[in-house]
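Got some structures for you, see below.
Two complexes come next, and they have one chain in common, chain A, joined by chain B in the first and chain C in the second.
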Partner chain A sequence: MDVDLRFFATFREAVGQKNITRAFDDGLTIGDLLAALESEFDGLEGELLDDTGDIRPQLSVLKNGREVLHIDGTATELDDGDTVSVFPPVAGG
Partner chain B sequence: MSGLSLDPEQLDRYSRHIIMDEVGPEGQQRLLDSRILCLGAGGLGSPVIQYLAAAGVGTIGIADDDVVERSNLQRQVVHGESDIGRPKVDSAADFVAEQNPDVAVERHETRVTSENVEDLVAEYDVVVDGSDNFSTRYLVNDACTLAGVPFSHGAILKFEGQVTTFEAREESPCYRCIFPEAPPAGSVPSCAEAGVLGVLPGTVGCIQATEAVKLAMGYGETLDGRLVLYDAADMTFDTAEIRKNPNCPVCGENPDIGSVHDVEYTDTCAIGD
Partner chain C sequence: MSTHRRDTVLRVDLTAGTVERERVPERWRRQFLGGKGLGARYLYEDLAAGTDPLGPDNLLAMVWGPLTGYLPGESRLAVVTKSPLTGGFLDSYVGGTVPDALAGALPDCLGVLVTGRATDPTTLVVADGDAHLEPADCWGATTDETDAAYDGAVACIGPAGEHRVRYATVATDGGDHHAGRGGAGAVLGAKRLKAVVARGDPPKVPEDLAGLRDTAEREYRESSTGRWHAASGTLESVEFADAVGALATRGWRESRFEGSEAVGVAAARAAATDRERPDRDTPGDFRVETDAGESVPRGAAAMSLGAGLGIDDFDAVAALGATCDRLGIDVIDAGSAVAWAVRASETGALDRSLSFGDAEAARVLVRAIAHRDGDLADTLADGLDAAAERYGGREVVPSVKAMALPAYDPRDAPAMALAYATSDRGACHRRARPIETEAFDGGTWSDADRVDRVDRAQTARSALWSLVVDDFVGETVDDLGASWLQALGDDHDVASLSRLGERVWTLTRLFNVREGFDRRDDRLPPALTVAAAGGDDALDPEAFEALLSTYYAARGWGPRGRPTRRTLARLDLAGVVDAVTPLDDRAVGVDRPADD
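Take a look at the complex of A and B:
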């Protein structure tokens, strides 16, 4: 299945692109996805998941526009065609 | 509300507001009676101050401890060449005085800290956060959420902006519901470090001003529960649904933060930092 990925701010710079699509096996969860991204992109290593495998408190991950913390967190399941967005807070004014 | 008391000049100045059923003389009077605090008179604060003043917000508080620098002028449109070296609160106040004599400006030439934020926020109906660092943003979130004061959040970096409104109602999320802690120092750069497109704060600040005006008038729906991610590079607006986090340290079911004095607003702004 294909998952569309959108990166914002510093995560975009780490990936080098705003949008990418990746193919995964069925049954993928958000935790699996974030771990795969950390493996693929050097600039994301250690930036998405903490030592216990939870999403770090300094980023937000959306599945189809909904914060995954309000779905099933890292256990949130993904389907073909889903869009996952990853963004950090920014503070400039 | 102090009752309708629009004079002939005000009926003329605000005629495009008053002619709308959704605003009318009552809505304009509410604006004139309202008190809005702008935290920061920089990139975001500039358009916010401009449009709140033009709209006839009766009292605008401006909190900023910086002076105008030449590098500000690429985006901070209430300040001009002759203002370089002047306190931003003075330069912004002069702009407002020229734009609309109905508006009183309260100058707060101070850095917002945990020692003064509660008193400052308590004086206003709505807060607009246009500050430029994580420490102030978490401080403002905690103070406004605990005090029940609605606030507009806008933040920018390079070509991207994030903007939302936290109404501080029982069911409203807060900034810590999305980002419980600030990024470690140095991991997300500032505009001074990474740059910012000069027109970007104009767009984001205008959204913030729109939200503040609606809150003051009591009309429309705000971004409460929605975060807009704006990308000026490809002109896209993504909207993310945000909800109250039951585990939020400030507005959750068992909050750890009962006062701004519970947190050291340095580094990640977490409890115990």
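Take a look at the complex of A and C:
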């Protein structure tokens, strides 16, 4: 299945672009996805998950526009065509 | 430690043509510090209720703080006056080279207080510990032309200020920076003060503060916010707001903009000739060339001129921003005025053919507004409410206290709506911006949580803006500046500074209450009770009234939104309030009136 990924600010710099699409096996969770991203991109290593495998504090991860902490956290399941957005703390203006 | 004590102000009377120095009362200095607080104190003391904001009796205070030039990041200046847009309190902040040059040129001063009205266009020149008035030969010039006409750091108005557009700015560094929103530029225009020129070297950082400053700048550089700021400036806020469905688009019809990336940070990066402060760790926004001149597009421009007007061409948005910068007109209010005109033309309230996405038509209308050229532009120059009053169509583009809402759409963010509604200068996203977290986890918040986030931020920023801190690097001043002030020999601590912040916020409320503001002016704009196209989020007016009461209770204000005597006593304001400022007898949630 394909998942669309959107990165903001420092994460965009680490990935080199804002939007990418990646193919994964079915049954993927947010935790699996974030771990895979940390492995693929050097600049994301240690930036998304803490030592216990939870999403790092102040980081916001949205599945189709909804904060995953209010779904099932890292256990939130993903389906083909889902969009996942990854934000560091926002610096507004 | 040895440092120059800042304990005077310069009073400039443009009618008499005089400049005099006076000492700041020690009690005021201690209770209000500088910046917002000291400016508010002078404004409340010096103005009578009902003073015409564009008349000679209005005061415009340019105030810095005890730590200006020493704090991490960029030095900033508070411009405090009675707003010709809202009729209430206005504070606006501007950076660039002017704040340090003023503080350097007037080493024992905290500010310059301007009253009166000059007979002819005038310039105030500040140098060598004093100031004098000169004729201004550049009336009619744009902000960049005015900057080029002087030797020194220049704060000035453009054509919009000269024509008293009620959201004209005071620009520094040729229009790179602005004290925007409620029309400080119109106040200077009415006084015929074209420019303030400062010739001073930046204050030397005292040895005792150098370590604190280095630590703060390093912490910011390494923080998540600092890294975001270095990567994106403020421009990515347009993409953030779009991603969370909180981006007012095409005159508030929609809350997502398909062109947000096209006007966002990647486009700016590709077009950039430089960064704003290329030699700093956090180098600021991106500098670009446009057909209207050089520009530094910021998040507010991308949101209000891009998404707000449906323009998805980066160059066109940057050029429109550059046009605003040179005219000295606020980008949020100018964008909102154009958006209002387009929507009013669509509904038939306005007999014009205007459409979203037409950048050239927007530039023509902004130029006309800045010069009050024609009936429509003349009316729009007085703000959204004035336009709605004349042509109808009040509901289409929201305002609070006659100030247009910035483009963070709060229809799914009640705390953000509360921040807009209770902001002392009218709808503003800088006194509290809970949407940055509310967009992600606001669904779990109670009313008490919402109020807590809003009033804490308002109070903290009131203290920090009395210092006056850099909006971004200032986040590292996590003790409200206590350790910095202590290093100068002051005995403020976090608790006293937090109370100072609450005191300042309450004093600006007293100013507005004296001008006739009350609960009705903290209203929810009707446009926010209607869902955006394609969405189902809208605010419930009854639920919002309950939220507002919770906020008043937390502030110690009564049901009409007025402070009580008990609250004033707690904040050492009992001796400040005058006899004509109406107060509430008891705070919301308090059964009995105070004995006093």
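Operating definition for what follows: the second predicted complex is superposed on the first by the 89 of 93 C-alpha atoms of A that agree within 3 Å, B and C clash if a C-alpha of one lies under 4 Å from a C-alpha of the other, contacts with A are read in each partner's own complex, and residues count from 1 in each chain.
In this section, contacts are C-beta pairs under 8 Å (C-beta built on N, C-alpha and C of every residue); 3 or more make two chains touch, one makes a residue touch a chain.
This one's a predicted model, so the numbers in the text were calculated from it and none came from an experiment.
Three-chain overlay on chain A, with chain B and chain C in a clash. Of the two partner chains placed by the overlay, neither chain B nor chain C lies in contact with A:A23. In the overlay built on the shared chain, the residue A:P89 is in contact with chain B and with chain C.
In the overlay built on the shared chain, the residue A:G65 is in contact with chain B and with chain C.
Shared-chain residue A:R6: touches chain B and chain C both. Clashing C-alpha atoms with chain B after superposition occur in a single stretch of chain C, namely 37-45 (options considered: 37-45, 199-207 or 577-585). Where the contact sets of chain A with chain B and with chain C meet, they give residues 6, 8-10, 18, 58, 60, 62, 65, 67, 69-70, 85, 87-93. Against chain A, in their complex, chain C makes its touches with residues 224-225, 227-229, 231-237, 239-240, 243-245, 261, 265-266, 298-300, 408, 429, 433, 436, 440-441, 443-444, 472. Per the touch definition, chain B reaches chain A in the complex via residues 40, 42-45, 129-134, 137, 154-158, 160, 162, 175, 178-184, 187-191, 196, 201, 229, 231, 234, 238-243, 245, 268, 270. Note for the complex: chain A touches chain C at residues 6, 8-10, 12-13, 18, 58, 60, 62, 65, 67, 69-70, 85, 87-93.
Interface of chain A with chain B (complex): residues 6, 8-10, 18, 57-60, 62, 65-67, 69-70, 85, 87-93.
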